[in-house]
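Each of the two complexes below includes chain A, the first together with chain B, the second together with chain C.
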Partner chain A sequence: MAILTIFTQPQLLLLVGVGTFAGIYIGAIPGLSVTMAVSILISFTFSWDVYPAISLMVGIYMGGVYGGSRTAILLNIPGAPSAIATAMDGYPMAQKGEAGQAIGVTTVMSFFGGLIGILVLAVAAPFVADFAITFQPRDYMLLAVLGILLVGSLSSGSLVKGIFAGALGIAIGAVGRDPLTFAERFTFDLKLMEGGISFIAVMIGMFGVSEALQQLQNVNMKAVRQKIDKIVPSFGTVKKYLPLSLQTSSIGVIIGALPGTGGDIAALMAYDHAKRVTKNPEVPFGKGAMEGLVAPETANNAAVGGAFIPMMTLGIPGDAVTAIMIGALFIHGLNPGPMLMVDQPDMFWFIVGALLMANVFMLIFGLTGIKIFTKIVEMPRSIIIPLILLLSIVGAYAVNNSITDVYWMLGFGVFGYFMRHYGYPLGPVILGVILSRLLDDNWRRAIISEREDLGRFFEGIITSPLSLSLFIAVILIFVSQTPVWTAAKTRLFGKASS
Partner chain B sequence: MSRKLIGALVALGLSATVATAQEYPTKEIQGIIQWGAGGSTDTVMRSVTPHAEEALGGTVVMQNMTGAVGAIALNYVVDADADGYTVLMGAENPMLYKVMGLGDEDYSAFTPVNLLARGTAMLVANNDAPFDDYAGMLAYIAANPGELKLGATGPGGLPSVITAMMNTVEGELDVIAVPYDGDGPALTALQGGAIDVMPAVLGAAIEGIRAGNMKPILIFETETNSTLPDVQIATDANAAYATYLPWGPFFGVFAKNGTPDDVIEALTAAYATAAENQEFIDLMAGRGFTMMNISGEEASAFLTKWQQGTAWLLDDAGLTQASPEEFGIARPAN
Partner chain C sequence: MDPDFRGDSDHHDGTSDATPGGYIEQRRPGELGFAIFLTLASLFLLYNAYGISGFKALSSPGSVPMATTLVMAVSAFIVTLRTSRLSKVAHETLSKDILPIMVILFIGFLIIFGLLLKPLGFVLTAALFLTVAIKVLARKGWGYTLTVALGSLVVIWIVFRVVFTVLLPAGILPEAEFIQFFRNLMSGGAS
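== the complex of A and B ==
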């Protein structure tokens, strides 16, 4: 069985290990992305055999998705877009001296999520892929609308401010040449605006630089001492979150398998889901709720397995990283496509095995060295602030090797600082940027397909079971956030909901 | 200063000049890829360049620079020194920048080092589409005006050129053009039934066809394609296609105009050798590309013909921002 290939060859095992280890650190540094690392590896591994090359890439991918949580928890700076939700409850934990515990739970739950993703890939890939490609433009649009409704979950405090932040994000995402018509939007005839605003630059600025500016206010404040005795979560703790993590992992696999969406949206949706289903969290969400860590971290690692599903069964990438891996397979003389599973089933099982191994390595490397990591939070701010700024600049430049991105990053950093200052949440801005094109492009595709006829558009929604379910979900979630619903609920059940 | 010393200095200077001329490359060459990692331009360049490095005896560091349909990468190389240490690895898109209003530069600012290969355009249809061939498709469009959903990738992309070609040859076809980000997402949508027909490059569709996930309708070539010999070719369907064919997206390596001749020669020789590598040829054949491996005058002539035909086709379809005439692009003689 090819699934065992990885276990019988020490060299491949070593490469997966090295990849996972490197991935964790690449993922942890904002701006150094897995996508970037894997694309560099394409040239680097050109002359290698295909198995070693894939081993290294799979390791980096798995490790990188997990690594993003590290800086999110310790510094409130998500290392990758898929760790944005993790920061919301992870950082409050670190501020209470529970960084070690937060990382411990994150690691075990990422492992669990990863496992579910791999399991689904191994046993149900063809079915999930067939389901994923039936998503029509209108379904992606409804999914994006569902995503937009997360603004409520991501804004602690004023919803109005959250909506403003989300709308700003959508506007930022629309800047540049429209990919469908090449018309310029919000570019003010400036060359540097034509390519749009790099979403990673916005993220690094809003979270990294604004955090550094924020900390600058109390530069002499003593750092919180971290408790490092209970790092590995007890079996009881894991068991308690098992039902939730099964649900959020499923969200991760499906969203990951959809060719138009990835781990970032999966993590945010999972966070929102956790907030809805958790009736009485021990600690409120946004203040360090364990559920707020479990949900996004299981989902984004489950999305890894999910992203491989359309890649392996149809040759369609599930996200940016798998898109590059398809290129890698091609360079190594394979023809990734629907026939790959038939012609080269070994390749499929080899990747499943490599993912499994990367997941195990992630658990091992994740749980060791936590003590040293938590020391980062205990470092004096006079050291940590310059370090954050340096990493932010390097990261923003590295995305496209463009100095313009550094300016954007710094600009959004200052802007983000003032947003924090006036109580505007930053999460919805990033959510808006992520969803902007998904919403815009798919709405236009959907309505163009129906000859710009709204009647036909709604007819399409009602006649398709998938679209109808998504549409009903949108309506329910929307209504459940309005005062009308709360009033009705109070009248029906006799008590106000939280 | 003694004569000896001056003599030695002069000799040193001379030998240094000779050395620079002979030893190109003396440092790493930067290869700027116009498109993202994993895309077809990227994979072609990353597959051929290691063989060119071997022939050249130097290192080419490849870097993806995306944005503005590749214009950002092109402008970057235009702004660099014409010393052969920054080369552009691109596709056909820059030939349309001027007429599409995407930029002021195109490949006329470059010397083609090698035009490696050309892709073949074809029409593929969703398996459930109520027709199996080109004539059937035309009949369906005529009977159901405004119903057939045809995939597109924005003005200037391969689908827009093919659609313009069909409209010119067959008369205006009443279809709905649904835009996608590229042929990958559009072919995914085709399999899911969001669109009915997609004009795509053969290499992108071939695996889906082999697996029976989509059906081939027409190949835009003048001769039977060896990869899909049973599929009808455009000139058999309508002889009028001969005016525009052979046509297809292409991949090439370019150096800025003004690069020293010996450097161009060295690069040209290296890529010509690389393009003859059997491994590379097999790889390209597997993806349905037609090898060209041309340089110099031959490459320039190809570029001119390509630009004239395509720019006017798009202009006649009303898809351009400015007339090709403004940039001195002559209408092709039939």
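== the complex of A and C ==
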């Protein structure tokens, strides 16, 4: 039983624990993100065995998603994107002297949400993988397009900008020699371009350097300290919010499992759901409503398990972090997708076990050490920013021992900086880079099997229920951005819900 | 705070994919220029993608690059059109809100870091970078700056060079000899 591997090997258990602990702090320190940490970490752990590397990354992921809530509550600064919704009610609670209670409930509910996410992953993934074996190349192609479009449409106000970002990612992923024909693509006759652009350099640049440059504008931002009292919540409090947490965990798992969407979107949608279903909250939303804490925190941690479902079964990332994790598995010679589940089910069960342990560690670390925590997260940005930049350089260099990768990282960092400022989402770029090969290979396989005939290709889509569903989903994303759809939605549901 | 602003009230906008920076109904300084640059760059890449295999076959190596760069060009053009119709954000300037001197300075630091990394080596370049960067950002005395910079560098060097065994350029410092000396010392102490 591979699920037990993590419990029987102290070294792996330690790595999950260290990862979760580090993840909580990384997630909590404003300016450090889980995506950034995992992308930098890949470059340092690529020479390790796969189990220790995955143990550390899973711990950081789980801890990081939770850690963001701490600073959201204490300092009104969401440490991670998935904690944006948490700040809305968490900080008002802290201002009223209820920071300890807010942290306690958040921790227990994050544990609960995480547990549900992992359970759904364990139960659903083998079925999805069995089903995925029947997928045709065109289905994979459509899934990849759907994933990129979903993250583009949900993560930014402008679908067009999301589409641009996704297409840019695919183009970056295509740089170098074509693996099938050895034709040069976007190499500009330069030798150094023939091997392609290291996706790790792109990721570290986009998430590490650009974020650090962005943070330069907030160097002198002062945090407001809060008093912390009783932390462990009573059983009655937990029981009271259990029905809501079940609903929002489900939202988290589903949103997390959609290719391309992660904890941040799940948390915002869960918060919105809580607002709609809680008719008479004891405290109004936005002023310290406990429901406003429970909903996003269960959802964002449930989304972690959900995000692993498409990653493990289809090889399509559920969010930016799992996109990077796919990269890590590639580096270790593994190819996530339905065949991984068939050929190496141990890897899947090992990840489930690691997630489970990370969730337990999160509960333990979450309810302890808060006084030291507040001191560490207040580390001045004047120190953090240079350190992030230094680690980014070391990370980019370490993969291929190449200065060229450092320059790619810097280039993408500056480019990502402008993209952030002008409202272009970065998630689709990374998704595009990771999915570029899958999309390209499957498109070519699909069209060759249809003898280069577009008519036959579309006929194949229409006659297959799965392909047709995916195709309709892609079309719906476009239609949902048109004024006709917005007008129809407003007419049906009223303005408030739109 | 402008109600259309998509970031948060503390101005650390764009830290999340769920809430990228920018405004919904207004354009920031340089936003139109950036959109035009993206359109032109996409068109250049489309031309380059056409050169891979032309319209030879739908399964040719250039088909996906052509399709993606076409999508890039069209979407960037739409963004340019939309952006050009928006009114400017009144209180923002390029030099204050988008590309302040501090950001330009740090981009310069990083370029210099890249240039010096091979000839000088990681330890010296990183020491130089951390000292200058922390001095510029923290604006505290040399004692504080050097203690924090060199202390952090020692921790980073031990973690990545010794624990993770990441190979970093040695440059002019006899790093390998130092590590060997250190190991001999440890093994001698053990025996």
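Criterion: the second predicted complex is superposed on the first by the 266 of 498 C-alpha atoms of A that agree within 3 Å, B and C clash if a C-alpha of one lies under 4 Å from a C-alpha of the other, contacts with A are read in each partner's own complex, and residues count from 1 in each chain.
In this section, a contact is a pair of C-beta atoms (placed from the backbone, for glycine too) under 8 Å apart; a residue touches a chain by one contact, two chains touch by 3 or more.
Source: prediction; values computed, not measured.
*Asks:* Classify the contacts of A:Ser382 with the two partner chains as first (chain B alone), second (chain C alone), both, or neither.
*Replies:* second
*Asks:* Quick one: is A:Ile170 in contact with chain B, with chain C, with both, or with neither? Answer first, second, both or neither.
*Replies:* second
*Asks:* Which partner does A:Gly195 reach: the first (chain B), the second (chain C), both, or neither?
*Replies:* Touch partner of A:Gly195: chain B, not chain C.
*Asks:* If you stack the two complexes on chain A, which partner ends up touching A:Glu211: first (chain B), second (chain C), both, or neither?
*Replies:* Touch partner of A:Glu211: chain C, not chain B.
*Asks:* If you stack the two complexes on chain A, which partner ends up touching A:Gly337: first (chain B), second (chain C), both, or neither?
*Replies:* first
*Asks:* Quick check on the superposed pair: does A:Ala323 touch chain B, chain C, both, or neither? Answer first, second, both or neither.
*Replies:* The first partner, chain B, only.
*Asks:* Per the contact definition in the header, classify A:Val394: touching chain B only (first), chain C only (second), both, or neither.
*Replies:* Touch status of A:Val394: second partner only.
*Asks:* Pick one for A:Phe418: touches chain B only (first), chain C only (second), both, or neither.
*Replies:* A:Phe418 sits against chain C, while chain B stays out of touch.
*Asks:* In the superposed arrangement, does chain B or chain C reach more residues of chain A?
*Replies:* It is C that touches the greater number of chain A residues.
*Asks:* Is A:Gly353 contacted by the first partner chain B, the second partner chain C, both or neither?
*Replies:* Neither partner.
*Asks:* Where on chain A do the contacts from chain B and from chain C line up?
*Replies:* The answer is residues 43, 47, 180-181, 401, 444, 448 of chain A.
*Asks:* Please name which positions on chain A make contact with chain B in the complex.
*Replies:* Within the complex, chain A touches chain B at residues 35, 38-39, 42-43, 46-47, 133-137, 177, 179-182, 194-196, 259-260, 310, 314-317, 323-328, 330-331, 333, 335-340, 342, 400-401, 441, 444-445, 448-449, 451.
*Asks:* In their complex, what parts of chain A are in touch with chain C?
*Replies:* So the residues of chain A in touch with chain C come to 30, 33, 43-45, 47, 77-78, 81, 84, 151, 154-158, 160-161, 163-164, 167-168, 170-171, 174, 178, 180-181, 183-186, 188, 209, 211-219, 221, 262, 264-265, 268, 320, 380-383, 385-387, 389-391, 393-394, 397-398, 401, 403, 406-407, 410, 413-414, 417-427, 436, 439-440, 443-444, 447-448, 452, 454.
*Asks:* Give every residue of chain C touching chain A within the complex, in rising order.
*Replies:* 6, 8, 10-24, 28, 30-31, 34-35, 38, 45, 48-49, 52-53, 57-65, 68-69, 71-72, 75-76, 78-79, 82, 97-98, 100, 102-103, 106-107, 109-111, 113-114, 117-118, 122, 126, 129-130, 133-134, 137-139, 148-149, 152, 156, 160, 164-169
*Asks:* Can you list the chain B residues touching chain A in their complex?
*Replies:* Touching chain A from chain B are residues 36-39, 42-43, 46-47, 50, 62-69, 72, 100-102, 146, 149, 154-156, 176-181, 184-185, 187-189, 191-195, 206-208, 210-211, 213, 279, 282-283, 286-287.
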